[in-house]
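Labels A, B, C and D are assigned to the chains in the order they are written; within every chain, residues are numbered from 1.
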Amino acid sequence: MENAWLIPLFPLLSFLLLLLIGKRMKEASAYVGILMTLASLVFSILVLFERFQEPSYLVKFNWLTIGDMHLTAGFEVNQLNALMLFIVSLVSFLVHTYSKGYMHGDERFHIFYAYLGLFTFAMLGLVISPNILQTYIFWELVGVGSFLLIGFYYYKEEAKAAAKKAFIMTRIGDVGLLIGMILLFWQTKSFEYSEIFKAVEAGSVSNTMITLTAILIFIGAIGKSGQFPLHTWLPDAMEGPTPVSALIHAATMVAAGVYLVAALFPVFSASKTALLTVAVIGGFTAIFAASIGIVQTDIKRVLAYSTVSQLGYMMLALGSAGYVAGVFHLMTHAFFKALLFLAAGSVIHAVHTQNIEEMGGLWKKLKWTAPLFLIGTLAISGVPGLSGFFSKDEILAAAWEGGHPVLFILALIAAFMTAFYMFRLFFMVFTGENRGNQKEVHESPSVMTLPMLVLGILAIVGGYVNTPWFGSFLGDWLVDGNTALGHAHIEGPAWIMFAATIVSLAGILLAYLIYGKRSIAPDWLSGKGGILHTILYNKFYIDEFYQITIVAITKGISYFLRFIDVFIVEGLVKAVTGMVQGLGNIGSKLQSGQVQTYGAVAFLGLAVLVVIYALTGGYLR
Amino acid sequence: MNLQSILSILVFSPLLGIIVLALLPKTQEKAVKAIGILATLPALILSLAVYAHFLAGKNLSDFSISVPWIKFRGINAQEPFFTVSYELAVSGFQLVLVVLTAIVSTLAAIGAAKFIKKEWKGYYMLFLLLLTGMLGVFTAENLILFFIFFEITLIPTFFLIGKWGYFEKEKAAYSFLLYNGLGSAVLLIVIMILFAKTGTSNIEILRQMMADPSGPLKDGFKLGLFIALLIAFGVKLPIFPLHTWMLRVHVQAPPSVVMIHSGILLKIGAYGLIRFGMGIFPKQFESLATLIAILGVINLLYGAFLAFIQTDFKMVLAYSSISHMGIVLIGLAAMNEAGIQGAIFQVVSHGLISALLFFLVGVIYERTETSFIDKLGGLAKGMPLAAGFLLAAAMASLGLPGMSGFVSEFMAFLGLFKVEPWIAAVGTIGIIMTAAYLLRAVLGMTYGKARREFDGGLDLKGAELVPVFVLMLLIVLIGVYPSVLSSPLQATLETILLGLGG
Amino acid sequence: MTFTGEFIAFMALALVAIIGGVLLLNLNKVVHMVVALIFTFVSIAGIYILLSAEFVAAVQVLIYSGAITIIMLFGIMLTKPYDDSEAKTGKWRKILVFLGVVGFAIAVYLGIYNFDIKQQPSTLHEDNTMQIGKALYTQYIIPFEFVSVLLLAALIGAIILAKREDKEADKE
Amino acid sequence: MSQVPASAFLALALILFCIGLYGALTKRNTVIVLISIELMLNAVNINLVTFSKYGLYPSINGQVFALFAMAVAAAEAAVGLAILMALYRNKKTVHIDEMNEMKN
């Protein structure tokens, strides 16, 4: 574990190397990236296994001295960190591999790999940070990696807008995090997680302050994890290449918000209000995003809203004091959502469109992709036996036990909707007639299918590390007797599991009836163009709302200030210069060229002086 | 070599270049350019040597020099002599600025070989004179000497802007001279009053004299002097509403001059505020701290909001400079280690970043003959390196961690949140706005559809890469390992905080 | 104070000088003005004699009453002194200047009216010309030579200035 | 020993000087202005000569200076008139208020 600091450095090396010499390496750049992330993965696995036996490991050194305060940097390997390291490096490695096939032929191939390296570096750095300042630093770097990759197709106006939006919206959240972090610092005199927890536990921080800082930090998580009301950037971020969506906007970065809340869980759990806020925002986002996902027609956007919804789920879990449930779902979600995105990428790669209304009947043509996509869909829908089922069950139990029946019902409805829209997606893409006009549809090369296969396996078996049946290994390990983190496993009533199963199966059935068997017209809910459909299709007009409020207000202030700048500030200056100029004009008018006038003036001056002299006798007293 | 004479050599070494240039015929362009660049090197090497001396753990006061210079009596023969000494010295803070000046100047000289299209000889002679002035400003240990160097920076800048600038260069040059002339007039009044009342113009002695409550000046009078200083350096910084001159200069001056101007000359304002405002009048600074914090936030937001709607990228950068100087004020107003250190970091960091940004703008302008955002677009295709660095520089400017902008912004806010949380909270809007306006501008230029066809070979090449790489390297170095900058500052900070009664 | 001959002479000369001056200001024709001034100059020469400066008096008559008045008359005759163009300056200036002059005169007069300096016996009237000659050729020899140079320069300058330029001459 | 006090001569000089000054500043005809200036110089000469006789140390120096002043005055009159002639040729006027070449 002493060498855990190497893990983030490999991708950084890949980034630097590719920036400098990537142009000459062309597509061989992929090997650099793959090799480096493989190294990270190997180290991560080693660290993970080491962590099973050994206690946490923490190294720090002085980074910056401010007076008598020493800010440190370093790295820490604890349970959560080790797990995150594994997840991130694994998904990153798989995506690196996958991209070799997906990005084949792009003229900025090496840049893509360089950016991937930068992002992976930042993400790995984020998860091993021992203090909140370092977390913040990598937090922002992750944002930049995401920004660069969203805007990878820089010549597309949509990509440009999406990248900008992603950066600015997450920045709004980041400022919340920054303020919360600084306030926490002045309360506890430290950025170290351990010091902060100690101070919070000792009660040296007032309750309102904890609530305030926790909520401010949560704003950061909202921004990064695409929670309502800062969620709109995430669906737009789908303008980036699909592997990027899989890596950043499904498995890792967006989960950073969840990770942050998890990492600071002792602070959150010290304030009921903060926890409730997290839970409510999470629950609302889960159902809100799911409802939008029902009507979207872009395959990636459906997945994106599903991501938002699932992240809301995790937040709900954390907010209901289900630490283990949240982290568990984070892990399983990383697997199956990455799988779904990679599979979707494979589909897009094959048919060159993202509109699901132009797909259909691809089951036979995509021999590998289709079953893998089905696995992912089943997992996310919570069908028993797959990973999503266990984690979702855990969350529902946590919500029930957390004492929020309303949130519990919200979660159930969200689960139903998830199952419904995911299978709607599945049926529309893979079954029925092909509605598009693709001539040749090829299965993707093995370099793309293999990573999907790995993820597919994990999506199936990933849940078995923490089940009510075979013991809650993950939970025990994560909590490790730390009471601040809550229980290792929440034993909910048995009916919850059945309810969850029934709900998801109902969702699947409904989707099958509408889109698979077509025994119910697709416009049963409300016809296309109906009010409900329109609202959902336009995502509740949130973007438009922001456009007419925040953006317009900002512009308004700007123009108002420009008015001040141009007319008042500049006007004052003009007034002053005008005054001087006026005086000058008067002065120059006096220069009439009349010699006698000059002489008269000079003489009058002399006369006045002489008179004064005569009257005063030479002294002015 | 005698250590004491090093600073004098450092400061006056560019004059040697002027002499050599004066002897060269105008027509030998290459030689003129080469000497113009070479003449900045002695200062660079010497300043780095001084820095190395400091790193070796030796005392910076080895370099202090004090030679009697002017001596005269007042009207009354019984009064003691007024003496003005030729005094140069460096503290850690000054050293950092001297190194910054030397680096940016060398790079700007390299840039000038590219951007300046006529009369290199005159340009480089003025440029080197300016360099001497700047180095002198940062090393002078005496108010009179400081003022002389301060004025030396004004005149060459005026001509550099007025002769080699763009279309409205004369107007820009005059408004530069007008504002800064007024500012330095106020400064001169303050210096003269201090000199007349105390009989000394040595900064260190003045500092001790002012700290003494039984000193020769009353508190109310000191407050007046401090406000005058704030105005004098506020013009330079610039503080809203004294900023309009600087917009014109940023837009009209040639890029290599703006590199110097935005990178170094604006910093003289911050330097003066810290050294004299805070150093000599700590109590007065404290009593106005809230006001300064509010001014800082106004600067920050005002610049940011206005940058958001500009159509000319140079204007965006000009307003962004105003905005960033707000952070300096915010940091200073915090009156604690974190804030002041943040402010100094911001001074250095902004110097590097804006030099880089203006260099890149210069390159882009040279290729495309416009700097309007809506006329550019899609530059990433024609000139990927320039676009990449522009984006990186913008990221540094908006305070991306891992680059110097973040460290300073972070510390400044860290400091202010301790004393004025509400003002600081309002100020954080500026962080968001910074991201918004920079991305809007930079993405507008580099991303999107290319507005025109670019032929090959437009990208950065050859000597142009040197400044870009060096500046980027320094920005990242400070961002990743801030101790490289903070360790020389510790002694200075302690002195200042001592004065603040911390 | 008794009315000695000297005093009566002074009063008469002073009166004539002042009347000449006043006429200079008030006459209408330029030539008359110059003629009025001749009276002033001559009476000033008389004053010089009262002040035991016979040589200066002689020179005064020669240069002022003679040379300068003559060239001024030439100047008047060579130009066209009478035209009907309106004056460009108002009468306000005249009033102001008049007030200023009066004020100045009063102020200075305050300084000199009781200026009673003790007289010393002097020998200025004895061989006045010889004394001047001695002073000029011994003590003031260098300034004297300079004056000659000055006069030469003035001569040449005046000629060059007054000479018509060749082109103009060709035209006419 | 003179019966007339020095202040009388000085007062005369003052009056003449004032007349000359007034003339120089108000007369339109340039020739008259020149003559007025000569009158002022004459007033000064009276002062010089007066002080050469009166005062603690009477001496010939005052008279010598008066002579120098006359020489200078003569030169001035000559040059002044020459300038006047040149100007008159160009502008066809002798009125001083129309000679505003110094304007602008």
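Following the convention adopted for this analysis, contacts are C-beta pairs under 8 Å (C-beta built on N, C-alpha and C of every residue); 3 or more make two chains touch, one makes a residue touch a chain.
Here the structure is a predicted model, which is why all the values come from computation and not from measurement.
Visitor: Which chain is the middle one, judged by CA centres?
Guide: B
Visitor: Nearest whole angstrom, what separates the Cα centre of subunit A from the Cα centre of subunit B?
Guide: Each chain's C-alpha centroid was found; their separation is 37 Å.
Visitor: Measuring centre to centre with CA averages, how many angstrom lie between subunit A and subunit D?
Guide: Centre separation, subunit A to subunit D: 96 Å.
Visitor: Using mean CA coordinates as chain centres, what's the gap between subunit C and subunit D in Å?
Guide: Comparing mean C-alpha positions, subunit D is 5 Å from subunit C.
Visitor: Distance-wise, how many Å sit between the C-alpha centres of subunit B and subunit D, to the nearest whole number?
Guide: 63
Visitor: Which positions in subunit A are in touch with at least two other chains?
Guide: In subunit A, 594, 596, 600, 603 touch at least two other chains.
Visitor: Considering subunit B alone, which of its residues make contact with at least two other chains?
Guide: Within subunit B, no residue contacts more than one other chain.
Visitor: Using the touch rule from the top of the page, what residues of subunit D touch 2 or more other chains?
Guide: In subunit D, residues 21, 25-26, 97 touch at least two other chains, as defined above.
Visitor: Okay, what are all the chain pairs that touch?
Guide: According to the stated criterion, the contacting chain pairs are A-B, A-C, A-D, C-D.
Visitor: Please name which positions on subunit A make contact with subunit B in the complex.
Guide: The touching residues are 62-69, 136-141, 144, 151, 154-157, 159-160, 163-164, 167-168, 171-172, 174-175, 178-179, 182-183, 185-186, 554-555, 557-559, 561-562, 565, 569-570, 572-573, 577.
Visitor: Considering only the defined contacts, which subunit B positions touch subunit A in the complex?
Guide: It is residues 178, 240-241, 243-244, 302, 305-306, 308-309, 336-338, 341, 378, 380-381, 395, 400-402, 406-407, 410-411, 413-414, 417-418, 421, 424-425, 428-429, 431-433, 435-436, 439-440, 443, 446-450, 481-483, 486-487, 490, 493, 497 of subunit B that touch subunit A.
Visitor: So in the complex, which bits of subunit A are touching subunit C?
Guide: Of all residues in subunit A, those touching subunit C are 594, 596-597, 600, 603-604, 606-608, 610-611, 613-615.
Visitor: Under the definition above, what is the set of subunit C residues touching subunit D in their complex?
Guide: Per the touch definition, subunit C meets subunit D at residues 1-2, 4, 6-7, 10, 14, 17-18, 21-22, 24-25, 30, 33-34, 37, 40-41, 44, 47-48, 50-53, 55-56, 59-60, 63-64, 67-68, 71-72, 74-76, 78-81, 83, 85, 87-89, 93-94, 97-98, 101-102, 104-105, 108-109, 112-122, 124, 128, 131-132, 135-136, 140, 143, 147, 150-151, 153-155, 157-162, 164, 168.
Visitor: Quick check on the complex: what are the subunit D residues that touch subunit A?
Guide: 21, 24-26, 33, 96-97, 99-104
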